[in-house]
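Note that chain A is present in both complexes that follow, paired respectively with chain B and with chain C.
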Partner chain A sequence: MDSSKRHKARNNSIWADTARRIRKNKMAMLSLTILIILIICAVFAKWIAPYQYDAQNLKEAFAYPNWKHLLGTDNLGRDIFSRIIYGGRISLSVGLIAVGIAVVIGGGLGAIAAFYTKADNIIMRFMDVFMAIPSLLMAMAITTALGSGTRNMMIAIGISSMPQYARVMRASVLTVKEQEFVEAAKSIGCSNKMMIIRHILPNAFAPLLVQATLGVGNAILSASTLSFLGLGIQPPTPEWGSLLSTGRIYIRQYWPMTFFPGLAIMLVVYALNILGDGLRDALDPKLKN
Partner chain B sequence: MNEKLLEVKDLVIHYFTDDEEACAVNGISFDLKEQEVVGFVGETGAGKTTTALGIMGLVPAPPGKVLNGEIIFEGKDIVKLSEAELRKIRGDKITMIFQDPMTSLNPVLTVGEQIAEVILLHNKISRKEAIERAKEMLEMVGIPGERHEEYPHQFSGGMKQRVVIAIALACSPALLIADEPTTALDVTIQAQVLALMKRLKTDLKTSMIMITHDLGVVAEICDKVAIIYAGEIVEFGTLAEIFEDHRHPYTEGLFNSIPDLDVDVARLPVIKGLMPAPTNLPDGCKFYPRCPYATERCKNENPDRVTITDTHIVRCHLFRSAESIKET
Partner chain C sequence: MLKYIIKRLLWMIPIMLGVIIIVFSLMYITPGDTATILLGDSATPQSVAALNKKLGLDQPYVVQLFNYIKGIVLHVSLGTSYRTKQPVLNEILARFPNTLKLAALAIVLATIIGIVTGIISAVKQYKAADRIATGVALFGVSMPPFWLGLLLILVFSVQLNWLPSAGVATWKNWILPTITLGTAVAGIIMRMTRSSMLDVIRQDYIRTARAKGQREFVVIMKHEFRNALIPIVTIIGVQFGTLMAGAVLCENIFSISGIGKFLVDSINNKDYPCVMGTVLFVAALCTIINLIVDILYTFIDPRIKSVYKIRKRGADNG
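And now, the complex of A and B:
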């Protein structure tokens, strides 16, 4: 084997392999690009957005898309494009953080349930109770109890979507736990903690990752729904769901107010779903090529 | 000559499920001296692996339970040690090689890291030094040291088994338990791995317990052989005694079922019947339902160990120990 080939063969962990395979998937890469653009827009909203999100100009209210206002203006003459870009900050961060909460708590509980058989029944039955309540209803109940606001909304959505992550993680850890290398790790004197962190979790994480990419889309939708119902972000803070909900009143007379925020939500959810699909395929060793 | 390294006395390990009790190991006793290799030969389910797990203190509990017996290793009874004490012994003093090298390595860690892990667990050295040691170990088992940055799936089956052996030997253990180390490999690789283990046995002076159902492997590497049937050692002796002068009807059956190149037979003689289910062992001798020499006594009475020579022990009513012959 010559040196260049050897170099190439190195660092071929599952993750590197997955990255290589997903790069071949054009749709997934397109989705990733869209997501990255949206995230950059959200992060640098201050510089990218042409107007302040709350800058009113009543003279120009209900303007259709034109060169001055790319996506038109709303009922108070605010630039819809700017509001969507600023709204992305909240919607995307709610999506990511809520899923983050769900993955950490749910995944953690699932892993504990799978590893310590005694805790299994208690944790999973508790999760079943959570699952029995529709997640949107659950999120509504939590926001009502905690009060509205961005932080509470993240917590509410995170907790209400936690049980599915617990289930996925538990199943995954249960499979990995029975594999021989775990027993081998035990036979060299590994402690339980080391075993979970070094040997089990990295091998059990892939399904959770896929579930999470699909979950971000759902979380954004839930956040939009909660805001739409008035339980999430309060005006004038722009958030895609609340943009939709204010636009709803004018939907017959003036379509851009509902159309563009809806398009933004759709774009993110769609991109995340395709990325999640791509990730799942890339992680599946049977489809290796 | 050598000191006793391991002494197993009357080990009984049963698995308990909701409605059954599986008697996996029923009173196994044997000694292992330093630098000695003992082969455990027996059918699938005879209790070989459970015995090995017992010695590692790794019997899965529940459902497994060590009901009786002592496992004295370097003066300590492994059965009574705490989990923390066991952890110190595992990987350092006693290590184990598992059957399937394909699955006994962690796919997300490089082989170097996996070898270094066991070294770091039992020695107070830096990570860098551990990686250096890992490279040396790889060289020792015949893999170029610079491949330590590669992942298990980049190795072939035989090489993976070498990596597993490198992990097992990284801390120069006193006792190595190899659970069918060659079963999952093809014949040429088997020969390589066996040659490697043989070399390591002389170089590192490690004692080994070699679990296998391949008598060829036993002949290749073992000093002593234990024939295990239904959780009991039915015959124990030196390699020569078992191969040249085996006594137990089961051992005889095993040897008869090895194909002989010089004799052309249409069908190999087999031991008729199946091994009894460990949940439902017969009273008396465990082998009597399949034994061609079975008598009424075999059905009712479990035979004791009969000493034929100092090293040769057989468990069968057909034989009487030298002392008892003198008495009559």
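And now, the complex of A and C:
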């Protein structure tokens, strides 16, 4: 096969097809752009945010949005816009890492369950037990046990959402395992390890990716919920949920403290949901509807 | 069918046992000595040791777990609250009606809105109504419920002064919590109704129904919606867990004395028997709801019932 043909063959892979299809989905691309902007803002918060997140100016407390403070100031005169930008750092990283934990543990267990029939029953029944507890309640119980804080919240949300990933991965691997190309790989003497790493996992990963994209949004929502209830990240750390929780006390007198952090959460979760839907449609156009 | 229900009921035992073990273990590893929490920092080591002995907390993990399970199985007891000294189950049952009322109102609202908009969206696929409905549904799903609750309070309680923002004194008190709790679920039901209807809409029997001159409304409701109902019922059943979790938030925002508020108060007061009891109670409830949903399938779709019959006949013959 000459190089141009090889190049063409590579471009016809599932991922290249997906990228091509998702580029045509305007809403998904808009969401991706919003997410990239937010990630850039979070990473470079130090340079982008006009003020330090903890810079107080009591003389300017409860200022409504103006040119100096685009989204107003909070009860201690801190710039809400800067706090939301810094808060994005925490909320986005909690979302990503919590889902990372769920994907690695849940996806790993799901794959093991699909490969090894003996382990299947044990693992999946264990997941059934986990699924019997609503994930937010599970996360609350875990944060009670581990204590509040960013790291513990990531673990709590990751573990509580793990069963969904195990189920998706198991179903996906079971489907891929029966495909003809796996049989072909087996027939040419491909080792088990090679088959799993090279052939099965990359092809079984697509549904997990969709689930993970939607899951990041849910994880951000769960994290902000825990912080809102006082069980997650505590003030003065500017996590979006904890910003909202602080603003709640002043809602009757001053709305920007509650309104803008909530808007930030909704924007990110909305964008992630649209991107997740777009990815699902792009990965399997038959499912579109 | 009866065999299936009995099998599912029996399967609940190991599931609940697993849930008890997980929740108990989490509370067991929780930092801080319970007796010290109860007696305060000024307590003497002797009084701490005496209380630990009285509560059985000086025993090994396995013994404590066994005693807890024994209490549930033999005495239907979830322990005693550290705070109020009342049985945990009584505390939960006293608050449960409010939570159940909130969840029931929210699911009714969500189901009506979700199904109606879902059907319209599917019938008018890719038209303006569909795009608006799907966009709004996704907003509903993406919106933090506590934020929506606070915004509703801001508009309807603070600015317009139309509705109360706390308590359960009148029917008006339930409006804002119901909308807060029902919105996300309505979005989920709408999305599921739409996709499920779209799966059915292009089937041959729909074309046949239209070809024989059936009225459009009858085609939609009797042929399309009826056949699209299984995934919709599943999603409504599954949402019960989401509603219970949402109730935790709603009850805290709107100061409703339900089990959600009770759970958060118990966590904040380190009243671990209450935390454990509430989580177990909700988990048991969710498992039972899932079982009811599975049984409901057979009434919605007689084909499922016939599968059981065929299996049974096969087993009898074999």
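Everything below uses one rule, namely that the second predicted complex is superposed on the first by the 274 of 289 C-alpha atoms of A that agree within 3 Å, B and C clash if a C-alpha of one lies under 4 Å from a C-alpha of the other, contacts with A are read in each partner's own complex, and residues count from 1 in each chain.
In this text, a residue touches a chain if its C-beta (ideal position, glycine included) is under 8 Å from a C-beta of that chain, and two chains touch if they have at least 3 such contacts.
Computed from a prediction, not measured in an experiment: that's the story for all the values here.
Once the complexes are laid over each other on chain A, chain B and chain C both fit without any clash. In the superposition on chain A, A:203 makes contact with chain B only, while chain C stays out of contact range.
Between chain B and chain C, C contacts the larger number of chain A residues.
In the superposed model, A:135 lies in contact with chain C only, and not with chain B.
Contacts of A:181 after superposition on the shared chain: chain B is touched, whereas chain C is not. Applying the stated contact rule after C-alpha superposition, one finds that A:189 touches chain B and leaves chain C untouched.
Nearest C-alpha atoms belonging to chain B and chain C sit 8 Å apart in the superposition, given in whole angstrom. Shared interface residues of chain A, touching chain B in one complex and chain C in the other, do not exist. Considering their complex, residues 125-126, 128-130, 132-138, 140-142, 144-145, 147, 217, 221, 224-225, 228-231, 241, 244, 248, 251-252, 255, 258-259, 262, 265-266, 269-270, 273-274, 289 of chain A touch chain C. Those residues of chain C that touch chain A in the complex are listed here as 14-16, 18-19, 22-23, 26-27, 29-31, 138-139, 141-147, 150-151, 153-154, 158, 194-195, 198-199, 241-242, 244-245, 248-249, 252, 263-264, 267-268, 272, 275, 279, 282-283, 286-287.
Contacts from chain B toward chain A in the complex involve residues 56, 58, 86-92, 95-96, 98-100, 103-110, 117-118, 121-122, 149-151, 153-154, 164, 167-168. The touching residues of chain A, when paired with chain B in their complex, are 9-15, 179-181, 183-191, 194, 198-199, 202-203.
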